[in-house]
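Shared between the two complexes below is chain A, which pairs with chain B and chain C, respectively.
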Partner chain A sequence: MDALTLELLNGLSLFATLAIVALGLGIVFGLMGIINLAHGEFVMIGAYVAYVTHANGLSHWLSLPLAAVVLFVLGACIEVGLIRRIHRRPEVTILATFGLSICLRQAVELIFTKDFRGVPNPVPGATRAFGVLFPTYRYVLIGIAVVVVVVTLLAFTRSRFGLTVRAIVADRDLADASGVRTGIAYFCAFGIGAATAGIAGALVAPLGAIEPQAGLAYLPGAFLVVIVGGFNRLWGVIAGALVVAAVQTGVIHFYDAVWAQIAALALAVLMLQLRRVPVEGATA
Partner chain B sequence: MRFEAHGLRSGYGSVPVLHGVSFCVSEGEIVALVGRNGAGKTTLVKTMIGLLRATGGQLRLDGADITRVPPSRRVRAGMRAAFQERSLFSQLSVGDNLRLSGHTVAEHGRVLATFGESLAGREAQRAGTLSGGEQKMLAAASALASTAPILLMDEPTEGLQPSNVELLGDALAAARQEGRGVLLVEQHLALALRLADRFIVLEKGEIVDAGAAGETGLANRLSGRLAL
Partner chain C sequence: MGSTLKPRTRSRFRTAAIMMALLLGMAAACATSDDEPAVAEPAATEAEAAPAPADEPADDSDAAPEPTEAPATTAPDEPAEPSGEPVRIGILFSNSGPAGIFGQPTANIAEFIEEDINAAGGINGRPVETFLADDATDPAVGRQAMEQLIESDGVDVVLGTHSSATREAAKPLAEDAGVLYIYAALYEGGECSPVMFNTGEVPSQQLAPVIPWMMDETGGSKWFLLGNDYVWPRRSFELARQYIEAAGGEVVGEEYVPLGTQDFSSVAQQIAGSGADLIFPALVGGDAIAFETQAVDFGIGQDAIPRLANIYEENVLGVMGPAVTAGMRVTLGYFKEVDNPANNAFVARYFEQFGADAPPHMTFSSHIYDAALLYAAAANAAGTTDTAAVAAALEGLSLSTPTGDISITGSRHLAQPIYVAEIQSDGSQLIVQSFPAVEPDETCSP
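After this line comes the complex of A and B, so read on.
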């Protein structure tokens, strides 16, 4: 019974991590139809913001809003300087964001070298709940991830800004002709997508090593979550993260992590076949 | 406010459609733009609002050059269009469509009442599930209820039942009374003759005839041009 509870808590932690990492990609890829292969690097840079915050003797919790601000500015600059000019051509976007991901990794390497960095756990120890001991920081991570995901989802589904983004995604020309400032809305949406990735990076920073290649590990999982959850609806990120986390946790329990990855990939392929949705996303 | 086109040229890619069109729409008048299918009427409306780039000539709004101004800024400067096709966000609700057009929630009831009971109380319905005629009514009502001084109405009566055509005519006449300028693209010649102060006939991307309401033989001339 305790083993099952522990697996459930591990699954919940994985779900929260997947959801917050994939949230930004859900906005950029799922809603806006922009295939951003540099999303993992946004997460990695968020982790480095946590490292720099710690290195300067500041609280880890300060790194969360700092990472959001840094990544919002970076994302907005990338949207204006790069994405805006190419987003209607998916094949060019793939190449450009792939190149961008390399540039970001190299830039981080130039600044911080290849050395592994770390951030101490701000809430060390474990908490006994439901009859098992589970790392306290993971409870905190789950709580913060839920808050960030829910606030972002509400912003995109209940606010005027969210309505504007949905209108642009549905028909950019008509939105333009309705007086919507499409450029500003896209700029903000891309920035928010990057900001949530930054928060995710800062949040997971105490759980592992921080190094320039770290973002590569997050990209496939984020894409799987968005594909499984469905395009064009941000709530799908929650469903996608839940399903992928459940499948991976279950397969890891009975087999191993390699089979868990294979199972998640097979699930994504199956969902694409069932929906017959082209991979370029919502705008297709 | 006054809208002017001087020697306007436009088209799709390398295919030219408009070949130097010049006309104006002033406040407090309805200008009817008539022409056969393929004459370039919709191309003209799309170029006026900025969805198509002008390849030559100049567009002016109250004297200011807006030829290279993006559509959203033209709308904020005082122009509003109701398109012949794709005039609504079909995946969004009726209410959301109105919000995007700048109408507050408190105004929705008034906007939807433009066509009597047809659209009343349907804010929550998805716009794409409205009938073709209802979608035209919603797009026209939204444009008419805006405060834009210059309205571009691209075949707003297409698919409307006669009673709603009458209501639309009344709403357009009221817009003129309020001092707004309307470019009415219309195949429904009877409505155009009833409402318009001036007429422009477009043929193969060029203005081939123009006239003012009340001119002797105008109706016959327009009918001949349209080969009705």
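After this line comes the complex of A and C, so read on.
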């Protein structure tokens, strides 16, 4: 019984991590239709923001809003300087964002070197709840991730801003002609996508290594979640993260981590086959 | 809509560029305010940029197959004795990509190789020159790097410290060209080729003497083996299982996780439920950091279940922090803390030359240094740089280096000392046990 509770909590923390890492990609790829191969680097830079915050003696919690601000600015710059010019041509976007990911990795390497960095756990130890001991930081992570994901999704589905973005996605020229300020809306949407990735990076920083290559590990997981959850529904990020976390935790429990990775990828192939996704013109 | 919008977009682009520059500037300022000032760019780039025209082959010995042209270069402008066309020593290493973290110490040690061998009179009276090539931790790039060393730089020997995948990709080129290839990284064992020698630690050396010692030391006998899923951890665990059972212990769990694993919660739970009282983690880089930092909160840290690690190195241990690492034991063929007069002087000189905060000299760079000394000694004994003659001279060759006493075995591997370091509460490493001249359990007769 206790073992089951622990496994459920493990699954929940994996779900929260996957959901917040994939959230930005859900917005940028799922909603706006931009294939962003530099998404993992946004997460990695968020983790470095946490490192710099720690190195300057500031609280880890401060790094979450800081990472959001830094990544929003960076994401917005990238939208204006790069994505805006090419977003109608997916094949060019793939190449450009792939190149961008290399540039970001190398820039971080130039500044921080290749050395591994780390951030100490701000709340070390475990908490007893539901009859089991479970790491305190993971409870915090689950809480923050769920709040960030839900608030962001509400902003995109229930607000006027969200409506604007969806109008642009549906028909940019028509939106432009109707007086919608397409430039600003896209700029903000991409910036917010990057900002959530930054928060994700700062949030997972105390659980692992921070290094320039770290982003590469997040990208496949994020795409997996968006593919499984469905491209054209933003709330799909939650469904996708839930399914992927359940499959991974289940397979690790009964088999091992290598089979869990294979199962998750097989799931993505299956979902793509079942779904016959439209490439263009996704709606919320 | 195009033409009217253009000026606006352009000015936006400029604003974006300025903002980006500001952001990068801010980040750079943060980085320099940190305790680690920007490190000077590796010596590797200098060495790579060093003139190495393809039409100027390094040749010398009559036995070598390459055509000889008039040697154009003059000897380096140092007053030392060696003169003539330099002997070219290629170093194939990982200076970027995941294993790039081990690159800088090797690039530094390449300078020592030139200085020390030349100061001792060079090879057969000729100076040595090193040529570095980066495999970017990618076998395809590694193959090209090997090609560059052999074809463009015209090296007489290649010393390698990189993954086994790169070795397998690059080896055929050395075999075809008849260039001696000394692979100096710790690896899974089993390599055997007419042009190759393997001087890194193999699992039998790292584990055979240390596993029984660890069980005596801690009183534990129930091992959990946790490794990344590739050949080196699998081979290490295969042997570890034999040594554990021979010493009267048992393996209560064996798990493999993919490289790049970030969440160890389920694995931590399996370990906690296995009843293990010893953990042998064969995890590399970021995976090691993620596992150890997460394990503490799951109640299976070093305090609860002692670790014997075979790859945890200083950078990785430093990030985990002493609170996590204190008490862990690591088994390797070299630590900079090895206490003998030659090593103490060597390490002091290293930090004096490359700065107190230089990436520390460690087992990979130490084995490259030793491989260069072995090559120089063998080439001097053979009186030539001909591959077959040097290979014959290498077999059975013994040397005393800062590492300790080493000798090439009949299986073309290296009998070498194995050290066990224990991490102290301040994060430093203390050698708590050493096993001299440990023989590798390998067979090879090419």
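Annotations for the structure displayed:
Everything that follows uses one rule, which is that the second predicted complex is superposed on the first by the 278 of 284 C-alpha atoms of A that agree within 3 Å, B and C clash if a C-alpha of one lies under 4 Å from a C-alpha of the other, contacts with A are read in each partner's own complex, and residues count from 1 in each chain.
Note that in this section contacts are C-beta pairs under 8 Å (C-beta built on N, C-alpha and C of every residue); 3 or more make two chains touch, one makes a residue touch a chain.
In this text the structure is predicted, and so the values were computed from the model without any measurement.
Legend: residue contacts after superposition of the two complexes on their common chain; A:D176 is shown touching both chain B and chain C. Once the two complexes are overlaid on the shared chain, A:L163 sits against chain B while remaining clear of chain C.
In the superposition on chain A, A:S59 contacts neither chain B nor chain C. In the overlay built on the shared chain, the residue A:A126 is in contact with chain C alone; chain B does not reach it. Touch counts on chain A: comparing chain C and chain B, the chain ahead is C. On chain A, the surface touched by chain B in one complex and the surface touched by chain C in the other have residues 173, 176 in common.
Those residues of chain B that touch chain A in the shared complex are 49-51, 70-72, 75-76, 80-81, 83, 86-92, 96, 99-102.
The part of chain C that touches chain A in the complex is made up of residues 1, 9, 12-13, 15-17, 19-20, 23-24, 27-28, 30-31, 33-36, 38-39, 96-98, 100-101, 103, 229, 255-258, 260-263, 265-267, 269, 273, 285-286, 289-290, 293-294, 296-299, 315-316, 318-321, 323, 359. Residues 160, 163-164, 166-167, 170-171, 173-182 of chain A are the ones touching chain B in the complex. Note for the complex: chain A touches chain C at residues 3, 6-7, 10, 13-14, 17, 48, 52, 55-56, 70, 73-74, 76-77, 80-81, 84, 107, 111-118, 120-121, 124-126, 133, 135-138, 173, 176, 183, 204, 206-209, 211, 213-214, 216-217, 249, 252-253, 256-258, 261.
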